[in-house]
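Right, one structure below, let's go through it.
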Amino acid sequence: MEGLTYKQVNDSVINTLAPPRKFYFAIVGFFALLFAMGMSVWFYMIVNGLGVAGIRHPVMWGVFITNFVFWVGIAHSGTLISAILYLFRAEWRMSIYRSAEAMTVFAVATAGMYPLIHLGRVWVAYWTLPIPNEMLLWPNFKSPLIMDVIAISTYLTVSASFFLIGLIPDIAAVREKATGIRKKIYTILSFGWHGTNEQWRHYGRAYLFFAALATPLVISVHSVVSWDFALSIVPGWHSTIFAPYFVAGAIHSGLALVITLLIPLRKIFKVENIITIKNFESMAKVILLTGLIVGYAYAIEYFLAWYSGNPYELAIFKWRASGDYAPAFWTMVICNSIVPLLFFFKKIRTSIVGLLVVSILINVGMWFERYVIIITSLAHEFLPAAWGNYSPTWVEIGISFGSWGFFLMLFFLFAKFLPSISITEVKEILPTPKRKGGSNEH
Amino acid sequence: MDRKTFLQILGLTGAGIVSGCKTDTQRLIIPYVIPPQEIVPGIANWYASSCRECPAGCGLLVRCREGRAVKVEGNPEHPINQGKLCARGQATLQELYNPDRLITAQMRNAEGNFVSLETEIAIKQIGNHVKSLVSQKAAKEIAMITSLNSGSLANCADEFMNSIGGEKPVIYEAVNYSAIKSACNKVFGKNIVPKMSLQDADMILSIGADFLETYVSPVEFARQFADNSDAKEGRKSVFIYAGATLSMTGNVADKWIQIPAGGEKLFALSLLNEICKLNPNPIAKNFSEGFSADSVAGKIFISPNDIKQTAKLLVKAKRPIVMGGLMCDEETQIAIMLINSIIGAISKTVFLNNPLSYSNISTDEEVEALIKKCLEGTIDTLFILQTNPIFTMPKHFRFDEALKKIRMVVAFTPMLNETTEYSNYVIPTNTPLEDWDEYQPDASIRNYQQPVMESVFGVSSTGDYLLEIFKSVTGKTLNNSATYYDFIRANSKSSDVEWKQILGKGFSSKNISVSETPKILAANLLKPKIQAMNFDAIYFITTPSYKYYDGRGANKPWISEIPDASSSIVWENYVSLNSKYAELHGIKNHDIVELTTSEGSIEIPAKVSTDIEYHSVAIAFGFGHTKFGRYGTNVGFSPLPLLSKNLWSASTIKIKNTGKWTRLISPSDTDLQYQRGISQAVLLSEIGKDKKHHEDLNMYPKVQHETYRWGMTVDLDKCIGCGACIAACYAENNIPTVGKELISKGREMQWLRIERYREDEFADYGNRYIPMMCQHCENAPCEPVCPVYAAYHSKDGLNVQVYNRCIGTRYCSNNCPYKVRRFNWFSYEHPHPTHLQLNPDVTVRDKGVMEKCTFCVQRIVEARDKAKDEGRLVRDGEIKPACVQTCPTNALVFGNLLDEESLVSKLKNNPRAYRPIEEYNTRSAITYLQKVVKDDYAPKKKNKV
Amino acid sequence: MNREQLRQALATSIEANDKSLFKPYLIALLAVGVVGFLVGMLAGETQQVMQAYLINFVFWIGIAQGAVILSVVLRLTNAKWGRPIMRIAESASAFLPVTILLFIIIMLGGEKLFIWINEPVAHKAAYLNAPFMYSRVLVSLVLMTVLSLIYVGNSIRNDLAAIYHGKIVPEHFRKLLTNYDVSRIEKSNDKQTTLSVILAICYAVCYSVLAIDLIMSLDPHWVSTLFGAYYFIGCFYTGIAFTIIMASFFIGRPEGEIIGSKQFHDLGKLLFGFAIVNGDFFYSQFLVIWYGNLPEETHYIIERTQHEPWATMAYVVLLLSFIAPFIILINKKIKMNPVAMRWISIGILLGLWLERTLLIAPSVSGNTSFPNVWIQITITLGFLGIIITSIKYFWSKYPMVVYGDPLLKHSLEGEK
Amino acid sequence: MNTKKIISASFLYVDDFVNVIKHFKSEKRKFVTYSPVPNHEIEEALGAKKSKVGLFTLAGGIIGLISGFSLAGFTAAEWNLVLGGKPPVTLIPFVVIGFEFTILFGALATLLGLIINAKLPSYKKLKGYKPEFTVDHFGISLEADETEVASLTDSFNTFGAKEVTYE
């Protein structure tokens, strides 16, 4: 990024918003179709009942909740990059945080659909919200699911606001280059930002506080998601390590998806000089850390399952590794805690191919982690006579693909209509233009 | 408003066209307990009636709401079942409301297809036909074959045939005890099937008699058996089961003597021989000469000691009984009768003075004689009353050919079956709950049935039809009875006051004087003929299914959906193979094997287990209907093609693995309990010792209950795994049946299931049962996780599920360690008229909500409100959830745990008491009592749970 | 302060070779500890003595190792702000070799502590037996000590090389600097980074082992999967607090001139952060156990939160280790004040010390009796004496600023 | 008659810009500055007080904390149902609700604080604003009498202004 000027950054980012080619519409259209397909399958399921999916007694939660946890996890990297690393003053976040943050918002929105999809009676889903009513029917705030509703909606609200606040100065910049209808839209979206120092003064503080609020929020959200499981007494779920372990896992998968998406993005938008290999390397290091944490959690859970002497816990853990879902289990172990160790080698964490392969494998592994945790624990609980194996049907698969369609459609739309790299913050880490020699101290 | 109008307003009887002949009888039915009044909406009427699912003759109470029967229960005053019912009895409602019942008569047209016509017209046509025969003096060409009826319908049929000059009706039952009857005749000169009783029996030997399932009077036997094996300290009662298969009955035995199918005769004779050595009897000695245990045991692959010990026990016992199953032929039954006589069972446990209704069943010879006449073409018209011989008669009888020869076959039946396929007329009849009838299970009891509701399809009873035909033939009334009701009324020979009492009670009984024990008649006893068993041969046997009896129960999905007690398989049957044999021949579970006998062959899936003797294979009878309504058709396989003459006796068979494969559906994948101590057993001598202590630790203050804390105890020593509780639960709580496809996907809806585990504490064989339903935990893990308070703990200790509030997150089910919650995956259909059976006190759940056992909260509320009105507390035993109410062995007890004096509280403190998964601090309201294994009969212990 | 001034200050400090290590107060502390130990033993209160000893053992090793790990983390994150206090954090490593010796006493009196030594738990005996447990702990302690000392030693050598670059090396550093000069610092720093990664991983593993063996196994029927992490995070938390206390003593000393309010501000933020993480880890365990209500887990919590005297102590711990720091450290001005930070850190350490007591005492000496206060205090003072002595020794011997670290320039005048 | 003009100057370099600010500040003139990025040196030169947004955050957070706990507590008391043995009102699980509400209300209050303090949205075009200010130019605009325009232009130029305009 050395040697770039404010103007160059400004222009090259705004250039990414140039009118798209037909191919772009084809892609967006494809994802929109995929999304519509998923919605139709959902509608089919609502009409016919949840029985058309593969979920069954005793595995009452299946791919839907797996996807929910997966998408919430994906969301976490965005907030990590935009808020936590902001507080830690890590410069490598600047060029990637916008797209990561967009991912957060879209991923939370995608994730948020799954609890609805999995409901037996989605048409009364609003009963989970604390809406005042004359019947005094309130939700049960002791339920982890209500904690989840509150946490996820808070997360969606806060991350969306944070995202929009971050966008304001950039949209003002885009506004100045745009013409016609676009200009009008960007003008409205820019909230009349002019970049006066009076505005910057409040903006800076607000941004800091947002970051300070988002940081514990992001940790709490996945903790709450983990408590959806840990607060139960299901063997393999009831585990105190779940909260930190899920948070680490969430960041693990989220960063992996950021890498997976940014590698093609920076190529397409030709912004390799802004999103550099150094950014990826930093992310790879964090992935290495989260991979180690996840590996630690796997190991300690196994050891303590044995140590506890609880026959149900022990049976679950044995069965995970050797039973019907062993392939999924070993996929998870290898992809999440073995493969990331490759990032110990600088060659791999600085090679685009290496990064791409490892990050995709981590995403696969993290999906399977949730799958293994949810399904294996439920399938082999306390009473052997009530055991039963689960496998998804076309309904679950269709809806899952639909949700990918939704997410990617939004992401592609975002990439073309909003600056996917933060113009302001990238400028901030450039050397301040000074007549007497520049320095990037700020 | 009278009942009829009310029904019409409710629009419940779409086909409510009432035939004119019966309206005048409608008013006279007498409700049980409640005086005859008009129906009050919301208040149930109870009517006494009688169960006709098998000839045992249990008394019923029928609960009617708004003029429709919604539940049947055993009549507590009835001497046979004392308030209890089996699964088949509970499911009798599904006969009543079967959607495939006929509405109008069917007549076969020239093309051989059925056409509907008004039943009255059909009756007229039949009447005219009979009239013409009678007028042609060809009345002898009229014959009748009927199911077992003793009492008015039998009299009516007899008199009908007699009056028009036809043949005496033949009474046909597939499950008949003619071997016992003739054995009794030969030994004692009494041509009867004697009444048997297990009351206070201290030594029971069953030679293939499945007395807890289908044998003679299973509900009665189950109750008596459980009563006298009530786990008292050092109890003496012993039960030995000798047979090829470890049936549900054999499973509760202290000892199983594995004799190959067909080896029963040798076993019985050698036992008789040994008993004669201990307790000499010249006639018996002579009869069993040469069958000493030492010489016989090897031929039936058992140890001589098994026979000798059994003989000793029988001789020593005060009230012993030996029962011979359906597969025992006449000579075997003679040996058994002689044993019973020698050991002093007669008049203690076997009552020759009280013949059972089974005695009336025609012998095979009589049936064959009728068929012979048909084949010879001397029968023109055959009435078939409520029986389905085509399904149950082996081909030797050539009944199908016989029917083809007959010009006019008239079948009286509620719905089409295999036999109606050969009929010219099918007359739709009422089911037993819809009409008047009378039945005598034995000489001491007369059961009366009243129409507890309007005929669902507006048809009439068999008796009324016979009277109608008689009227159109002769122009007169039979016995001066305009209706069948009059016939019964006259038959009862009672005053109006008595009649009212009888109807209210549902039965009349009289004492039978105990006669002298008859002498054994030596003259009739010929030396038995014997064939030794062949080591290489495999013997095949079929026994009536405890679910379907002789097949008549196969159209009731509640029963079909109850997992089989010995294999947990639903909706289907299979051939049981010994696991060693199967291993040797490379046959695994679910493999389709081809069975071939001299008569024919069938293909059927195999189920491998140790519950069958090595040389034997067995198939449950009653499956494999080809025409029996939507629920009964093509369910499982019928072994009929393999059989020659006698349905139940053993024959040699060849087994071939076809290499094909199917999936037998079972709701549970495993039968091991992995030493989790879910269904526990304890040695009699170790009761109360070695109990795990669970700390009473709680993070939160203890839950305080007001006045009541409902709870239950389940005595696993009494539970026989019969599934009556499940059927009762289906009936009471509007639980849908889902079919085997959905069960294979884990979508069964039973609130109460009986988990079946193979013993792992005591090695070798046997199933261990544990009824599992909502445990109504004090610290219920399901409750706090619900986001909308749909699950909560009520003040009287119930774990409540509010269907209307449920949004279907299913977390409660995930967090339930007992996995007793059921989710409505779909909106389940209740096709017309099955919806009439739905209990109006219980919500019908729609898709997307969770449901589970409520302890029959509707009954609790009703009793509690009543007690409140009367200013008292609910009395112990006043509330009985459906499962508790029907349990034939009284294994389930319900009551208030806060009341120290209640039975349930006392049982809870029994030293055998335990709660599964107690270490998870659920504090469930259901306490289980360990099964007791007698030390002498305990198989070698494996590792302790 | 510019580079040369700092160099001179450091050189002066280490060449002074202060011999007066054993100040009277230190001798007094050590003596009190030994006397308390002996009197307790002679009075037959072996279990009380061993209990107090174990509490202090797990508390002080955590502090020393946590401080070293703070340095490791600062290195791995390339934290420019942290360079001035890195060596101060590292100085706690001087206590680590002593811990191995201190552990011998636990081995000798282990029977009084670990109930499963005399009453083995059937299915855990393969893991919970004295020889295996002692060797695990010893291996962990030795491994962590060796790695930490190599790490600190390498760091010191770089600094000395830089300090004496082109100067005469004093006698007692000659050996260390044989064949070593500034040209090798860069390569050494790469190695240090690798070593840091290894140290951090080993820390998580070894301290989880210690947590399970020395604390969790005291109640052999209790299990919490997060417990290992809870302990090592807590140790890190105390390490930060201890570093703050040490750093506050450098204010006014020449080496301390580069430590500004910025350092305290950032250390304060770190402390604030870890107060939350520590609280979060506590809540993560507590909520799950509270909600599950399984006796195999709750008995541990019930003993400590529903029975006196532990219930009161539990609230004090919560107040001192979480609520008070959380509320106080929101304020920026307090975070920038070294003296205030010192007292807050002492409060936190007291809270964590009580927390260790709360974890250990009810398991060892039953759930009703309050520990013998005199034994507790004397032995704690003894441990305090040992750690101060070892740290003082380090301070007097080695340069207290990572002079050779390339990132130090951001804290020096005239170099940006 | 004095007509007021808006003079606006743009600078490429921060140090020049800081000098300009310092100059006009010492002259106690009212002016508006624009910058493409926030900058400490500029803020220092402007000497503005710390933004009050933080107070909004704090107030929001406290209100959130209280309302979270009270919502959970009072509704639970309203139902008064025992769930799985847990008493109706129990604070331990409500910590999560309290926490989430703290964050939610805190964040919304921050947003509100930003909107109120920075007077957003304001679609009125500011006089003296130039599009380059969002790209790479640091801008300053002030209101002056027509007569002053020339002298001000000069002084801007001496500080190194890239461009000076007025309207």
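General remarks:
Each chain gets a letter, A, B, C and D, in the order it is written, and its residues are counted from 1.
Everything that follows uses one rule, which is that a residue touches a chain if its C-beta (ideal position, glycine included) is under 8 Å from a C-beta of that chain, and two chains touch if they have at least 3 such contacts.
Treat the numbers as computed from the prediction; the structure is a model and nothing was measured.
More C-beta pairs touch across one of A-C and C-D than the other; that pair is A-C. Taking the mean of all protein Cα atoms as the centre, the chain whose own Cα mean lies nearest is A. If each chain is reduced to the centroid of its CA atoms, chain A and chain C end up 36 Å from each other. Put simply, the C-alpha centre of chain C and that of chain D have 43 angstrom between them.
Computed from the mean C-alpha positions, the centre of chain A lies at a distance of 59 Å from the centre of chain B.
The geometric centre of chain A is 29 Å away from that of chain D, both derived from CA atoms.
In chain C, the positions touching at least two other chains are 287, 289-291, 293-294, 296. For chain D, the set of residues touching two or more other chains reads 79, 83-86, 90, 93, 96.
In chain B, the residues that touch at least two other chains are 698, 700, 779, 781, 784-786, 789, 920. Residues of chain A touching chain C in their complex: 88, 144, 216, 219, 223, 227, 230-233, 238-244, 292, 296-297, 300-301, 304, 307-310, 439, 441. Residues 84-85, 92-93, 95-96 of chain D are the ones touching chain C in the complex. Those residues of chain C that touch chain D in the complex are listed here as 283, 286-287, 290-291, 293.
Interface residues of chain A, counted against chain D in their complex, comprise 5-7, 10, 130, 136, 138-142, 146-147, 150-151, 154, 157-158, 161-162, 165, 168-169, 172-173, 175-176, 187-188, 191-206, 209-210, 213-214, 216-217, 220, 224, 227, 424, 427-428, 432-436, 442.
Against chain A, in their complex, chain D makes its touches with residues 12-16, 32-43, 46, 48, 50-51, 53-54, 57, 61, 71-72, 75-76, 78-79, 83, 86, 90, 93-94, 96-97, 99-101, 103-104, 106-108, 110-111, 113-114, 117-118, 120-124, 126, 129, 131, 133-136, 160.
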